[in-house]
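Think of it as A, B, C, D and E in the order they're written, each chain with its own count starting at 1.
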Amino acid sequence: MIVDSAVYRQGERLPVDCNVHDYDALRAAAEGGEHDFVWVGLFEPDEHELDDIATAFGLHPLAVEDAVHAHQRPKLELYEGNLFMTIKTLWYVDEDDAVETGEINLFIGEDFVITVRHGHGSELKQARHELEARQAVLSHGPSAVVYAVCDTVVDAYLEVLEELQIDVDQVEESVFSEKRTNDSARIYTLKRELAEVRRAVLPLREPMRRFTVGAVPGIPVEAGPFFRDVGDHLAVAAESIETLDSLLSSAFEAHVAGIQVQQNNDMRKISAGAALLLLPTLIAGVYGMNFDHMPELRWQLGYLWALFLMVGSSVALWAWFKKSGWM
Amino acid sequence: MIVDSAVYRQGERLPVDCNVHDYDALRAAAEGGEHDFVWVGLFEPDEHELDDIATAFGLHPLAVEDAVHAHQRPKLELYEGNLFMTIKTLWYVDEDDAVETGEINLFIGEDFVITVRHGHGSELKQARHELEARQAVLSHGPSAVVYAVCDTVVDAYLEVLEELQIDVDQVEESVFSEKRTNDSARIYTLKRELAEVRRAVLPLREPMRRFTVGAVPGIPVEAGPFFRDVGDHLAVAAESIETLDSLLSSAFEAHVAGIQVQQNNDMRKISAGAALLLLPTLIAGVYGMNFDHMPELRWQLGYLWALFLMVGSSVALWAWFKKSGWM
Amino acid sequence: MIVDSAVYRQGERLPVDCNVHDYDALRAAAEGGEHDFVWVGLFEPDEHELDDIATAFGLHPLAVEDAVHAHQRPKLELYEGNLFMTIKTLWYVDEDDAVETGEINLFIGEDFVITVRHGHGSELKQARHELEARQAVLSHGPSAVVYAVCDTVVDAYLEVLEELQIDVDQVEESVFSEKRTNDSARIYTLKRELAEVRRAVLPLREPMRRFTVGAVPGIPVEAGPFFRDVGDHLAVAAESIETLDSLLSSAFEAHVAGIQVQQNNDMRKISAGAALLLLPTLIAGVYGMNFDHMPELRWQLGYLWALFLMVGSSVALWAWFKKSGWM
Amino acid sequence: MIVDSAVYRQGERLPVDCNVHDYDALRAAAEGGEHDFVWVGLFEPDEHELDDIATAFGLHPLAVEDAVHAHQRPKLELYEGNLFMTIKTLWYVDEDDAVETGEINLFIGEDFVITVRHGHGSELKQARHELEARQAVLSHGPSAVVYAVCDTVVDAYLEVLEELQIDVDQVEESVFSEKRTNDSARIYTLKRELAEVRRAVLPLREPMRRFTVGAVPGIPVEAGPFFRDVGDHLAVAAESIETLDSLLSSAFEAHVAGIQVQQNNDMRKISAGAALLLLPTLIAGVYGMNFDHMPELRWQLGYLWALFLMVGSSVALWAWFKKSGWM
Amino acid sequence: MIVDSAVYRQGERLPVDCNVHDYDALRAAAEGGEHDFVWVGLFEPDEHELDDIATAFGLHPLAVEDAVHAHQRPKLELYEGNLFMTIKTLWYVDEDDAVETGEINLFIGEDFVITVRHGHGSELKQARHELEARQAVLSHGPSAVVYAVCDTVVDAYLEVLEELQIDVDQVEESVFSEKRTNDSARIYTLKRELAEVRRAVLPLREPMRRFTVGAVPGIPVEAGPFFRDVGDHLAVAAESIETLDSLLSSAFEAHVAGIQVQQNNDMRKISAGAALLLLPTLIAGVYGMNFDHMPELRWQLGYLWALFLMVGSSVALWAWFKKSGWM
């Protein structure tokens, strides 16, 4: 599905009188100035749609195949002057406390950018509008779009990580609460989601670094500081992932230690309870003996005495347990 | 065993009028054009068969020895202009939930490729057919065969990893189920198989990288993007291995934590059960005392009263256990 | 908020007759000599204040944005000849046993330094006074201020780490004490704080290294030994972090082992206690049997005999437990 | 002790008419041709024997000292044109299931090789015989001896690792058996032995790599493929070490998990046993109560009824435990 | 405190007719020959003493400050042609089983060496005497002193590690003994001491490497083999540290597993003990029932029968526990 396609000249959107599918007309319109370019935005296109574009813009078949099938690792590839880039998009689904993954593929030529988005995260409509409002940036040509897309996607990473931070805080609270909680599954799931985020974030650092130092043909050196900015955010995200992962590991260990402390406390409670039942049973056993000569048995208040003995000794035992910190 | 041998000219299989063993004739037939080459496919050849080929194609004795004995690490070696490559093949045996390992050795010269396969995985017949259907690729000469073999083998890695992913998902489900399961052995076996996959996948990355950047004599620079594609799949496989391994570790830890939680729950259940037996025993003990003056003993309904006391106190205790979350 | 702004010539503070906000006048005053420069010190400025300065000194918008929002990673960036540096400040809050984080941003030009401080740690007033007292150092120009700030901040790191060392020593003592303590939460919190310190310390090593070898334009080679000194302190801090972290991990493991030893000891105590109750109960049960012919029942002192048997056997059992090391 | 000393010319052993100690005569005999050399083989020589040789062949005192004292790390050192190499030998002692360590030191000059062996592993007599049978290889001069020694020693590594693999398989079987086994000590010992193997194997890789690429004076480039072969075996050994170590770690973890599962099973068995004793005790307690009006007590078959009740309730309880999977 | 100061010419100590404090006279005396130099040895000097020396020999203030305050990391720094080096000294205190740390600082110029020792380890008097006995070495000038100091200090590392090896062996024995031991604290302390040793050893490797390859001005290339020798010892020490650390980790894990096995054994013993008490209690309960018709109660030997039943069943149960391996 074609979301939008437009021609930009010196940072401004040109009014073009043709169909969004008419790529040749679009390209022709973009031939006017130095930094003129076409930006075609696609959402989960079928093979047919992409083939048309591939033909019109001369894209490499291996890259096109990757863009159709998605499920690539983040990467940046050079095909005879043109760039092909894959970025993972992430978003947090509140209902499930889960991180979902999409993908954006970019084909970058001298006079065109084609963005192919899969999955519902990191919509680019907003990025396009913001970019169209920053004429100075947009006038740099295709690299401005690359920057805008990367910036949008990486900001979404940070938002996802903030949500995960909240989840980790909740886990932490739960682990160190007095309540009997089973946090293993929660921690496991969070670790699994962090691993997903890591797979999106870490491989993107190398392309950003290369953009920053101006080592990629088609991305001008002046764009360096902008990509360094995105790279900084990526570094923050990477650091945040490692911190959260390590906190989860520590929280898990603390959780296991907590279970063992609980076990110990419970065992001591149980043993105290058992003693409180066994001691009066012993007393009852004593007065159940059949000796001919047991003075208490003849007492008028012997029964009361026995009950008092049972209750009294139990209370004393209970107090002793409490005082000694056993219970 | 010679599976197939053929001469290819400009991407097409030449009809050659000679025996599959007649290597000299085959080589002679391949001398016509620039990218002409012979492809000899062997399956677990004995030393004798390989010696013939070694003589005909001038292979290095150390490489031939490796190809006979198999059980090498994946590697790429240069012998006086010729290449020798070893790749591990993997396949998943459904009946045993096990990963099996084979090996393909390739001798690559300017005008020949010899593939020596050990074990039943990654048959190359299919790869040969597909390659013969892609004349443009095949016309690149021996490097096309190297690409086809690598591609076939690495795709099989991804399939094996998908099967292992399913196994890991099952383990995960089992670990977090309420049932009493002992998942240690399963996790251990999966870790062991992942280690086997890792040994096949990781050492192959370096040869792919060198093919991609065109640093290997005999593999033209134009073939780079194809090997980069294989390298991407390898990277996905490597990432998948690390993820699965780390998930298994986490699952194992969660399993151990689960055992401890289970232990704690069981202990509390046991203690409650014991209390439900000991409390009526105490009551029976009380009414088994031999005091002369115990009014209840004389009651007409004393016995019923005692039984009611036993049952009642037990029920009350049970309710209290339930309510307090102990049980 | 502007804390202080001054012009320095050959290591001495110039009396300048203008408002602290009058940046153009300050800059003009600093145009006299070779190493003359302006040092403007800001504390949590609002966007407006910074914009004025950015205009006056020609700062890059991306850098200014970073300085307003704070929460950056430590970094050193080159913008068209000017330097932008971010350093994390740390301080230890005794009341909470917690480490707090602030930030100092530096804009360094040929004839100016602008320091932007966020958070209450590492005040620079003291650093400025000390620096003004060391004319020889100050006469090196802006790089002297960079050195002074780095030195102040890194010394604060070492102080924070000393406080954390004390906390770790306390944890250690608690873990190996005989008392029943639950140190998980404490260890977890300390690990979390160490992670925060690590995030401040580690990324600063690379800028220090670059200052030391004279690889940063605007920082003269002669300043190398001074930054090497700061780098040494950073290395000590980094080593200290790793040591503390690893000690905490070991302490945690010892803590868990301690819980298990405790569990075992408690279980043996409990079992001994149970035996001390069950043995006399058994004896009472024996003399509660209803055989017609039980000689002891007829004895005058039978009851005493039974009580003696109960107490005696319990005492003997207790002694045996003690002697055998069970209890 | 001098084991053997000989002069080799063009790959053949020269008949020399002098004492094995007469180094000057040997050296003189080896001065004839280009690749002629002396090979002196020593076994645990005393300082005196080595001093003679050092004088005759001009060995560096630091190297000689190392060769006397043994207990060096594997290393390759260049002393003014001559090479000094230390290799660890390993052998497996079946009786103790233990790995023992020896050492071979090599002094390599243009026209001599001196091998100094310590410990009983990797005897070189066999290696000398095999080498003497391969004239083509031996004719390369001293580097052929280096190759033969390395090859022999590294093959012994692989044999030791196969033995350890068998031990690990046994541990694995023991860990996952139903029997109550204590595998900690076994696993610990194996880990310790693997560490010893690792200390022998890993530092040898760098010298092999340098031999392979021809970066060592005195080792000709043509010998590269041979040393690459040894290097491959070393790589297999290194991989095997890591795999075994990681398997042992996993096995240990599984062992600990197994103890906990066992603990849980035992606890449930114990609790069931206790219930089977406590329930009839309760029934006996009931019929031991002294109420005047307890009809069962008067029944002719009351006793049998009580016994039936005890046995019956116990059997029912037992059946319930079995059915519910508790026991 | 000045321990000794002397002038060396061509490897021999010159008789100098001046006070040990008269640095200018000493320096003047050392101006005669090419490798003449002064060696001043100090022990924990105060700031004043060092200032005199700094003035006389032209030392850099930052280096002097480091030498006064000690507590540096091992390092090698170049100050305008002069070298400053810090080495940690270690010694083992038998009474406490503890490792103590000192420090030696060296100032190395073309014609002087100043050694500043802090703490009681690695006295240099012995090193000076030994060096004075090796004229050939000493004639190399200041670098000979650097070698002698490094050699002495590193040999002390190896001695300390041997002591720690003994401690680890003891821990090992304790962990795998049958006795109930609590080895956590011991293991923790040893790990802590190993960390201290590591901090001394690891950073020294880089300076040794640089000395070895002759990359440090003032240390001649010919001294390389000597420093390589020290570097080898350092490598042995580093390897030993890693091995001991990893053994301690494994021993700790085995210790924890041992506690759990102990727990399980104890629990089974306890349960057996409880059964041996509960079974006769049940029998006593049976014969304590009040049925009118219980034949055994009327038997002449009923009481004996009951006692026999109790003892007999307990013995049988005990035998069964033993036979089934439960106890």
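One rule holds for everything that comes next: a residue touches a chain if its C-beta (ideal position, glycine included) is under 8 Å from a C-beta of that chain, and two chains touch if they have at least 3 such contacts.
Which chain is which protein? Per UniProt: A, B, C, D, E = Magnesium transport protein CorA.
All of these numbers come straight from a predicted model, not from anything done at the bench.
Any chain touching chain C that also touches chain E would appear here, but none does. Between chain A and chain E the centroid-to-centroid distance comes to 43 Å (mean Cα coordinates, whole Å). Centres computed as Cα averages put chain D at a distance of 27 Å from chain E.
Residue positions 256, 260, 263, 267, 274, 278, 281, 285, 288-290, 294 of chain D are each in touch with at least two other chains. Because contacts link each chain to exactly two others and close back on themselves, their graph is best described as a ring.
All chains form one closed ring of contacts, and listing them from chain A in the direction of chain B gives A, B, D, E, C.
Within the complex formed with chain D, the residues of chain E that make contact are 172, 176, 225-226, 228-229, 232, 235-236, 239, 243, 246-247, 250-251, 253-254, 256-258, 260-261, 263-264, 267-268, 271, 274-275, 278-279, 281-282, 285-286, 288-295, 325.
Taken in their complex, chain D has these residues touching chain E: 60, 62, 72-73, 75, 77, 79, 180, 182, 184-185, 187-188, 191-192, 195, 199, 252, 255-256, 259-260, 262-263, 266-267, 270, 273-274, 277-278, 280-281, 284-285, 287-290, 294, 296-303, 306-307, 310.
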